[in-house]
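Okay, so chain A shows up in both of these, paired with chain B first and chain C after.
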Partner chain A sequence: MAPGMQAVRDRAPALKRQSMPRAKRAAIVGIPAFFVLAITGSASLGLIVAALIFFALYIPAWDVLPLGKWIVPLGVILIAVLYPVYQPNLFDVLIFGNFPSVDTGVTMMIFIMMALGLNIVVGYAGLLDLGYVAFYAMGAYTVAWFASQHFSNVNVHAGGVGTAPSTPGFHISIWIVLIIAGVFATIGGILIGFPTLRLRGDYLAIVTLGFGEIMPQVANNGDNLLGHNITNGPQGINPIDPPGFGDTLHNAVGLPSDYLSSTNSTRLFYWTALFLVLFTVFCSARLRDSRLGRAWIAIREDETAAAAMGVPLMRTKTWAYAGGAFFGGVAGAYYGSFKGGTFPGDFYFNISVFILCMVILGGMGNIWGVIVGAAFLSYLNQEGLANIGAWMNKNGVSDFFFGKDIDVPLYTSGIFGIILVLTMLFRPEGLIPSERRKAEFREGVHDQPLYDVTHE
Partner chain B sequence: MADLLTADGVRKEFGGLVAVNDVDFTIPERTIVSLIGPNGAGKTTFFNMLTGVYKPTAGQIVFDGHDVTGKPPHAITARGIGRTFQNIRLFQSMTSIENVLVGMHSRLKGGILRAVIKPPSLKREEIAAAEKAHDLLEFCGLRGRDDEFARNLAYGDQRRLEVARALATEPKLLLLDEPTAGMNPQETAEFTAFVSKLRQDQGLTVLMIEHDMRVVMGISERVTVLDYGEKIAEGSPQEVQSDERVIEAYLGTAAVT
Partner chain C sequence: MATEQARIRVARPRHRPDVLNIIGVLFLIAIALWLIKNFIEAPADFYNLFLIGLTNGCVYGLVAIGYSLVYGILELINFAHGDVFMLGGMLVATMTTSWALTNKSGIVLWLFILLMLLIAMAFCATINTTIEIVAYRRLRNAPRLAPLITAIGMSFILQNIGLVWKGARPTSVPDILPHGTVFTIGGVPYTWNRLIVVLFTIPVLLALMWLVQRTRHGKAMRATAQDRDAAAMMGISVNRTISFTFFIAGSLAGAAALLYALYITNIRYTEGFRVGLIAFTAAVLGGIGNLPGAVLGGLVIGFVESFNNGLGWHAPGSDWTQSIIFAILILILVFRPEGLLGERTPEGV
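Our next item is the complex of A and B:
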């Protein structure tokens, strides 16, 4: 018998034992839900298949098996990768209506990426950053500078697609620009971080809030910055070149030359965004389990003790900032390219809070949690609330409560506020908390400041 | 014997309050030195200056041939001063072994890029570090507690873990701030033996703040007494014990007369 099979057999009892509680939980929710759906006539083949796949991933304690820890992530990745393929055939969900379109999926991916980036700062290192949108803006303007006609007195083409060689401006391949944007944002993070990270807790939050407020002002008024047009002011910069691999690679290995002119443009954007998310998850996980990740958690718990154990506070915090900024920058750049433009109105304070809500709702410090939180909130923002509103209006719910039809997306901020308050009341550790965080919220961890002089 | 640490005229003022008043102090290599004194005598403040948590108002601290006055804590730790805290300051939501691994921070390498790329050299380093951390836990009497969250450990074990974490910084000088506080007599005796063993086996120098006189007198070669921020006596345990000013400071004037 193959040694692998033997191992599986050895662990079968453990697998069974650990799976039972989850099977029970699934049955408690699943069986009544099935009857309700069957009676209301909304059970469909798609729903049953989806439920079966979900239970197959959720119920068995796959971790027990050799290589088992990869089964759930791979399953989820597969579901995500195939999403554009089966999305048109999906069933409707009660109240929420359709599953998100692939287009919305791209935006969700971008927000997942940003939330994961912010999670490094807030979730791992425990630094409250209320100005994360600044890095997003840096990324978005980087792509606007290096892949558009904005600088019309130069004519540099280096792999940019979708424009004629005679078009002025920088036209650098989006793939390179994504890296440049990440690096720019990282540098920005270090520059902002260096003077501010000496501060603790609330003070840091206020200063980051300030930077977050400065950013859109600079963007708005940057059409005449010392005589130069940097940001093109309130009109923003557009069009921005789409991603693509160029004709050479297209002809040689069949990679799409230009996403926008492709027939399945949205899918290409989606898969690329998914790839970026996977990259972010990979980096987040690696960082979490590294020496640096341990130092971040140590700082979050007790700065004084961490410093006494040899952790350089300033440097370690700056790395957290820089790491978070990198992903914010890349996400911003990709978003700019996806939307085809960068506008100062996209970088207001509410976006910082929005991303922070994703991290808190999902579960600070936990990658799975943050992904779920970000996907859910960005879905609500993009489609979900409108769908709910349509359902309410159609079924007379609005009429019953308010006496007339209402436009639910108008109340987005209020609804997010309510979600946040409910989270704090009933599940302060988030939907899917990490083991550590759960403990902290249950028993509380206090950092007593001991420094009279903070220094590096 | 060479002095491992020399403090020269070290002073700390908080506003108008002089917490530590021009204290001269030396720790010879491979000795166990105790710092005693009534509550509020400035012992912990002095400790915090040695470890860089506070910057001295005046004076100089030389450790192992380097001026460490006013250096940040992590730099001093890297030079070889490890410490524990009076009120246990473990990383509560980290496991024992993770606590010890944080202690190794300055002895390990690997920045942000290396952490992401994770080359084989880093993998080997991490495995070696984990093994070492495991051994340290065992050495400190925490066998089998590797993966327990620090907050779930019993009080005595938390104290032990603090020492393990401090040892992980590979110190030449170990500072223990009231290590036996809250321990019962048996635990205290065990701990005293453990500190002696540290000096013998690992060649460590130890500076201890302690209230329990039996501990102090039992293992220290030299005792320094602080009162109101000033050094009032220094010498062998016997000398200090019979010093009038010490008795006065500890037990009040009534005890002397």
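Our next item is the complex of A and C:
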């Protein structure tokens, strides 16, 4: 008998023991839900298949098996990768309507990436950053500078696609620009972080908010910055070159040369975004378990004790900032390329709070939680609220409660506010918390020095 | 010894290099020279902007006191404060229009304004106290960032209420304050609608300082601010004291909202966030937790704003006002977190 099979035999009782409570939970939720859906006529073959796949991933305690800890992540990745393929055949969900389109999926992926980046700052290191949108803006403007016709007095082509060689401006390959954007944002994060990170929690939040508010104003007024047109002011910079691998790689290995002009352009955007998310997840997980990550968590839990144990506070916090900024910058750059333009109106405070809301709802510090929170909230923002509103208006729910049809997307910011308040009041650790963070919120962390320790 | 070393590393006192002080002084001198140059170029403009700055500064000061009071007692930045102010302004807009106050004059008008003042103060005080009970009370012992996050949430909710109530466009408020000239400086008339703001702020500040420093309620507030547990042991009802503080802060926001709405004559749902941040900057500038400091900070910010918007000679202009104010906020927090008048410990009200 192969040693692997032997191991499975040995662990079989544990597998059964640990799976039972989950099976019970799934039954308690699943059976009534099935009846409700059957009565409302929403039960379809697609739904049953989806439920079976979900339960197959959720119920068995896969992690007791050898290599079992990879089964659930791989399953989820597979579901995500194949999403554009089976999305047209999906069933309608009660109230929420259609599943998100692949286009929305791209936006969701980008917000997941930003939320994971913010999670490094807020979730791991416990530094409240209310100006995260600044890094997003840096990334978006980087791609606008290096992959568009904005600087019309130069003509640099280095792998940029979608433009003729005679087009003026920088046209650098998007893959290089993504890295440049990340590096720019990281430098920005270090520059912002260095003077401010010695401040105590809520003061730091305000300072970051200040930077976050200055950024769109600079973008807005940047069409005449000491006589130079840096950001093209309120009109923003567009068009931005689409992503792509160029003709050489296209002819050699068949990679798509230009996303926008290919037939399955949305799918290409989606898969690239998914790849970026996976990269972010990988980095987040590795960072969390690294020496640096453990230092972040130590600072979050007790700054004084961490300093006493020899954790260099400033350096560690600055790295958290830089790490968060990097992913914000890359996400911003990809978003700019996806939308084909960068506009200063996209970088206001509400976006910062929106991303913060994702991290808090999902569960600060937990990668799964943040992904779920970000996917759900960005879906709500893009499609969900409009769908819910349409459903309410169609089925008389609005009439019943308000006496008229209501425009649900009008209430977006209020809904996000309510989510923030309710989460903080009743489940401060988020929907899918990390065990450690949960303990901190439930038991409290008695680390509230009046000033940062370096002041005393 | 390892721990000793760590302690030394942590507790190393920060000696600010003198270079920073010199740069700061040079910067202030440059600003003074810039102001003098502008004064010589166009004195009438200068006086006018001075009066605008004074008036706006007083409104910012009143809002800033609200931040300062709440921060003093809970060490919480009440993000929703600016939005409470905004809702008060919208209520004033509604009242002014629906009572047709443009047709009234003389003593009747003043009585109506007084009535509006009381209603606006009561309205904002109620909202602010409710917010405290709903969103902050449960989180007294939670990690520090938790109530800050609910405060942001409440701010968004109130903004949304304002948006649904009055729509996305600015709501105009009828101009009912008299415009008669009180006196003239440098050829610029000082009109009643501006003076009334200043005339209101100074007594409010004095009354508030009396309240905090001389009355039993004030004593309870100061005690709660210093040590909540000890205050409770001494028989102070901590919850009631905190509610009272929010009540006072809210009523000041209501008063500021009335003055702002009648003086600026329009209000928009985002205005609360903008004014709130400016006022918070003012509170930090003056030394958060310090009442005269808040008003002083408000005046400074008011002057910065009006001079920057209006001066003719090399002013950055209104495009940059917000950025300059936030830059001041950042610089103050980084280099002098105790503010102009504050002390190092932010515990005294």
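Assume the second predicted complex is superposed on the first by the 449 of 456 C-alpha atoms of A that agree within 3 Å, B and C clash if a C-alpha of one lies under 4 Å from a C-alpha of the other, contacts with A are read in each partner's own complex, and residues count from 1 in each chain.
The rule we apply is simple: a contact is a pair of C-beta atoms (placed from the backbone, for glycine too) under 8 Å apart; a residue touches a chain by one contact, two chains touch by 3 or more.
Since we're looking at a predicted model, the values are computed, not measured.
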Identify which of chain B and chain C touches the larger number of residues of chain A. C
Applying the touch criterion given at the start, work out whether A:283 contacts chain B, chain C, both or neither, answering first, second, both or neither. first
For A:226, is the partner it touches chain B (first), chain C (second), both, or none of the two (neither)? neither
So in the superposed three-chain picture, is A:302 touching just chain B, just chain C, both, or none of them (first/second/both/neither)? first
One more residue to check, A:420. First (chain B), second (chain C), both or neither? second
Using the superposition on chain A described above, determine whether A:353 touches chain B (first), chain C (second), both, or neither. second
Which partner does A:310 reach: the first (chain B), the second (chain C), both, or neither? both
Regarding the shared-chain residue A:211, is it in contact with chain B (first), chain C (second), both, or neither? second
Go through chain A and flag every residue that touches chain B in one model and chain C in the other. 304, 307-310, 440, 445, 450-451, 453, 455-456
Which part of chain A faces chain B closely enough to touch in the complex? 282-283, 286-287, 290-295, 297-298, 301-302, 304-313, 319, 322-323, 435-437, 439-440, 443, 445, 450-453, 455-456
Looking at the complex, which residues from chain C come into contact with chain A? 3, 6-7, 9-14, 75-77, 134-135, 138-139, 141-150, 152-157, 159-161, 163-164, 273, 277, 280, 284, 319-320, 322-323, 326-327, 329-330, 333-334, 337, 344-347
Given the complex with chain A, which residues does chain B contribute to the contact? 14, 48, 51-55, 70, 72-75, 77-78, 83, 85, 89-94, 98, 101-103, 105-112, 115-116, 118, 126, 149, 151, 165-166, 168-169
Mind listing the chain A positions that touch chain C in their complex? 126, 128, 130, 195-196, 199, 201-203, 205-207, 209-211, 213-214, 217-218, 220-221, 304, 307-310, 349-350, 353, 356, 360, 410-421, 424-425, 428, 440-441, 444-445, 448, 450-451, 453-456
